[in-house]
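Pasting the structures in now, so scroll down.
Two complexes are shown next, each including chain A; its partner changes from chain B in the first to chain C in the second.
On to the complex of A and B.
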């Protein structure tokens, strides 16, 4: 009787979280799959069209444009962040002055909303007055014409994303590095390993699990990129800088093409699951096989 | 390890670069919000200026809706944070204490569901939210924000509760305590740190979120980032002074919060991403 009521209590305790996830994310995601196989708009009964929406999307040059943009930005952002975070974590692990204050400063962009980040970077790139545009002119480089040029705009989007998310990558790698026993480095130093060897032979291999986790999460989150692009360029000029999420938004909420938008949405879900497949498989093994 | 002077100088230079990259952009906005409008567009930027509240006064006069939006943000953030912490403490406790195949399977599903990009669920939710008349309400944002964080936060809570010795509970059970008493008198006091760590992420996210607010609010429930985006996109040119004042008001509270709870942010990030 006692065990029974405890079991019920446990079920009641897990239920809210499970219900929220299933009702707000799980079922709607499956519904997107269903929607993607139908044509539908406001006030119209859905009609089954098979894979026609996918055909429409895949035949749309703007989709490929958005896909290429997303692919380039995501990869640039994720790997620049990784290298910078790795360098910073190594620097911090070797002991630095003002450690606590510096970590607060590094963490600061984590508190900044995408909107405010856009305000900041727009201002810094304002011709004639901005700090960065001034710096660019000083070095003699051409102006970053982010309002008119596709790759300039995407460069700015990438810079902004890196600035916002570097704290996350840094903290994951840094806290993993703090767990590395000091003795490893000491014995390596006795063996005559120089700094580069210590980094390549000890730091990187030990950090590998953390690096992979940081990479996976950053890929998954960077793939969702929306606000930075939407607020900076709106996907323009002439849809040149669209990414998958803004492409989806445009088709759903501007053109009211929910079928087409759902096809993109489901492609994004599949893309995300592919990106995280290795991680998910690892988690599956750890959680379900070990338990059996 | 002993360090030579060159090595030390190199380190300081690297630190200075890092500080400029991370901190300077924020500093510029906050400082500029106190500059007289004319001086904001001066280049090179003036470092010495007599601070003024001119921009803030202009903000109050021209964008009164910004302050309503700040209030909205506060309501939504508080609601989402409380909801998340309550439901994930309950779930985290069960995942920490009970082993069963069903639970393991549901935990795995939580991780998979966490991968779904938020914009995807807006498609089917948009008509549903309209139908339920939840459009443009705080409720819909609270529910959305909380749901996108229950998975991570259940994990964080599980990691923290795992560290509480089961013996404490066993002692309470002998004293005749039920599940709820154990939760209230044993788990919650000892897992308080975890609850703070877990709450920071959803709190920061809810305060800053753009996409859901953009899609699901029109007038009443608009949050601060949304009004800020309207100010950026104002057709008659950007008024930097007013914009900086608004940006500072949106940014400063959460920035101070993040720095204050720094230690919990780090603890939560490690618990949430590495262990699960």
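On to the complex of A and C.
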């Protein structure tokens, strides 16, 4: 009886959050799903078209082009960022001078708005007068032709995204790393483990849940990559650097094709879910094995 | 008896007025809400020159301005127009959205104009009124235009011993001559336009009387005018007359290039002259001259100046607005001759021919006569139709491909024609 009333009390306490999730995420998602099965725009009554919007999107070569760009950028961003964050977290955990100041410097990009960051980077990489362009030329490296070449532009988009979001991954991994008992390293050292062994056999396995959380969140966020592309290249030149979020924006807010845009939105949700599912499954497996 | 009847009558009238008073008060809202771009509020309400001040005082009604960027403004407006009723009383509406399907959401204005007319409406440029007229019904009153002019840095031209170009051919030669490296190593580019839009390329095509899509919905990208314009941009890019990052340069950045003297010439809205010559914002203040875009030599006998693009904003009343008569009264006040002049002196592009003839206007704006010349021959960059945004995106995509050398110019313009034609109204 007591257990029952406890469960009810718990349910009542989490109910506001659940209700908020239903109102803020659940209902709008269902509304978008309904829209994706209709053709509609401003001043037009929705007309049911079944899966025609999905067929339109899947038959559009620009969608596939955007999907490839998104896939490449997301994977580069997520994994490079993860490796960099892990390296930095390990370095910081092992001790660096002026630790607090250094952490503040690392976190700084996270406080910069995406729009401001893009404008600053765009100016620094301006071919004629940009500071970074000048430095690249000074050391004799070839110019980063981000305004004319697809892969150069996507490289810059990736770098910008990594710079902006590295603090997020760093914070997750660094805080997890601080929780690793020092005794484990001491025991390993006594047993003759070198630095690499300690990192591979102790740090990484213990950090794995945090790594999975960081990976999953960054995949979801990176999949929605928008400002970096829209403000830097506008998806150009010649729509070469378009990603899924800019493709969706174009259909929703430039062409006002809400049915098609909703279908793109749902395809993105499904894509994100598929990616997340891999990591979620791995996390649950680890949680269950830990419980056992 | 008569006296008693009179007293009774007066009492009844007083009672009726007392009862009616709250209803009248309810008819007049505390505020009217206008959704607009920030620039509209600025030019309408500049300190000491507020065109709405008298109207507010006379009517005892305030004005609440909701200002948003162009895209966000229309997106919000269209959402409001879908509702059973809206709190928006007047909206500023860009010509590119003026398609027939939208008219069901807007208040028809012929009846208002007949009952309480806008002063000398014929004085408002007819092309602007026509664009908001569907099936002989007027749906918007023009308030502001943005016409394209040619801006050049007179200091740089003088430095290089070049006379201001009077034909398109002279402009091309001048752009090449004005591409050089300053003593400090910074490069000056002879010519620059926005690389992410279509409208300024249409301006250039108009120098040969070319077009993107004609007013009767023919795709004209393979015509001589547009081909010349795109080939000119391709040559400029290849020769370094335009910067290497042209395809990522937006309007605001063109302004910065002109203000810092890194670009010598451009074509964009005439009104930009103010920011190019603003001593607080520009290193080249006083050096940037603004004139009508020159026409190609072969078309000199047809046009004095290139029939460059004219875009404009109109004031519309939502069909689901709650204060239509009051909103109309404010619209006609803001569209009067006096208001048009006051707003023009605040920096607005005036929509009345008579405004350009006023001595105050001519004294304040050195380019007023040139702007009027453009208005007399200019036309919208695109006729309105439902797929206009899609068509313009296709054009920009193919334009960038042609200018950057990814495709031959002829192939790119042929591709625009093929892809855009199915999008046009049948």
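One rule holds for everything that comes next: the second predicted complex is superposed on the first by the 252 of 292 C-alpha atoms of A that agree within 3 Å, B and C clash if a C-alpha of one lies under 4 Å from a C-alpha of the other, contacts with A are read in each partner's own complex, and residues count from 1 in each chain.
As a convention for this text, a residue touches a chain if its C-beta (ideal position, glycine included) is under 8 Å from a C-beta of that chain, and two chains touch if they have at least 3 such contacts.
These numbers come from a predicted model, not from an experiment.
When the two complexes are overlaid on chain A, chain B and chain C occupy overlapping space and clash. Looking at the superposed arrangement, the partner reaching more residues of chain A, out of chain B and chain C, is B. When the two complexes are overlaid on their common chain A, residue A:253 makes contact with chain B and with chain C alike. Residue contacts after overlaying the shared chain place A:148 against chain C, while chain B stays out of touching range. In the superposition on chain A, A:129 makes contact with both chain B and chain C. By the touch criterion defined above, A:276 reaches chain B but does not reach chain C. Of the two partner chains, chain C is the only one that A:44 touches; chain B does not reach it. Using the contact criterion defined above for the overlaid structures, shared-chain residue A:115 touches chain B, although it does not reach chain C.
Of the two partner chains, chain C is the only one that A:238 touches; chain B does not reach it. When the two complexes are overlaid on their common chain A, residue A:105 makes contact with chain B while staying clear of chain C. Between chain C and chain B, the overlap after aligning on chain A sits in one stretch of 1-9, 235-243 or 253-261, namely 253-261.
On chain A, the surface patch touched by chain B in one complex and by chain C in the other comprises residues 42, 122, 126, 128-129, 253. Taken together, the chain B residues at the contact with chain A in this complex read 1, 11-12, 14-15, 18-19, 21-26, 28-29, 32, 40-45, 86-88, 90-91, 93-95, 98-99, 101, 103-113, 115-127, 143-144, 146-148, 150-151, 154, 178-180, 204, 207-211, 214-215, 225, 228-229, 232-233, 238, 240, 243-244, 247, 250-251, 254-255, 257-259, 262, 265-266, 269-270, 273-274, 276. Every residue of chain A that touches chain B in the complex is listed here, in rising order: 6, 9-10, 13-14, 16-18, 20-21, 24-26, 28-29, 31-32, 35, 42, 88, 91, 94-98, 102-116, 118-124, 126, 128-131, 134, 163, 166-168, 171-172, 175-176, 209-210, 213-214, 217, 220, 223-224, 226-227, 230-231, 245, 248-249, 252-253, 258, 261-262, 265-266, 268-269, 272-273, 276, 280, 283-284, 287-288, 291-292. Against chain C, in their complex, chain A makes its touches with residues 42-44, 122, 126-129, 145-148, 232-234, 236-239, 250, 253-256. Those residues of chain C that touch chain A in the shared complex are 71, 75, 78-79, 81-82, 101-102, 104-105, 186-187, 195-196, 243-248, 250, 262, 387, 389-390, 393, 396-398, 400-401, 404, 406.
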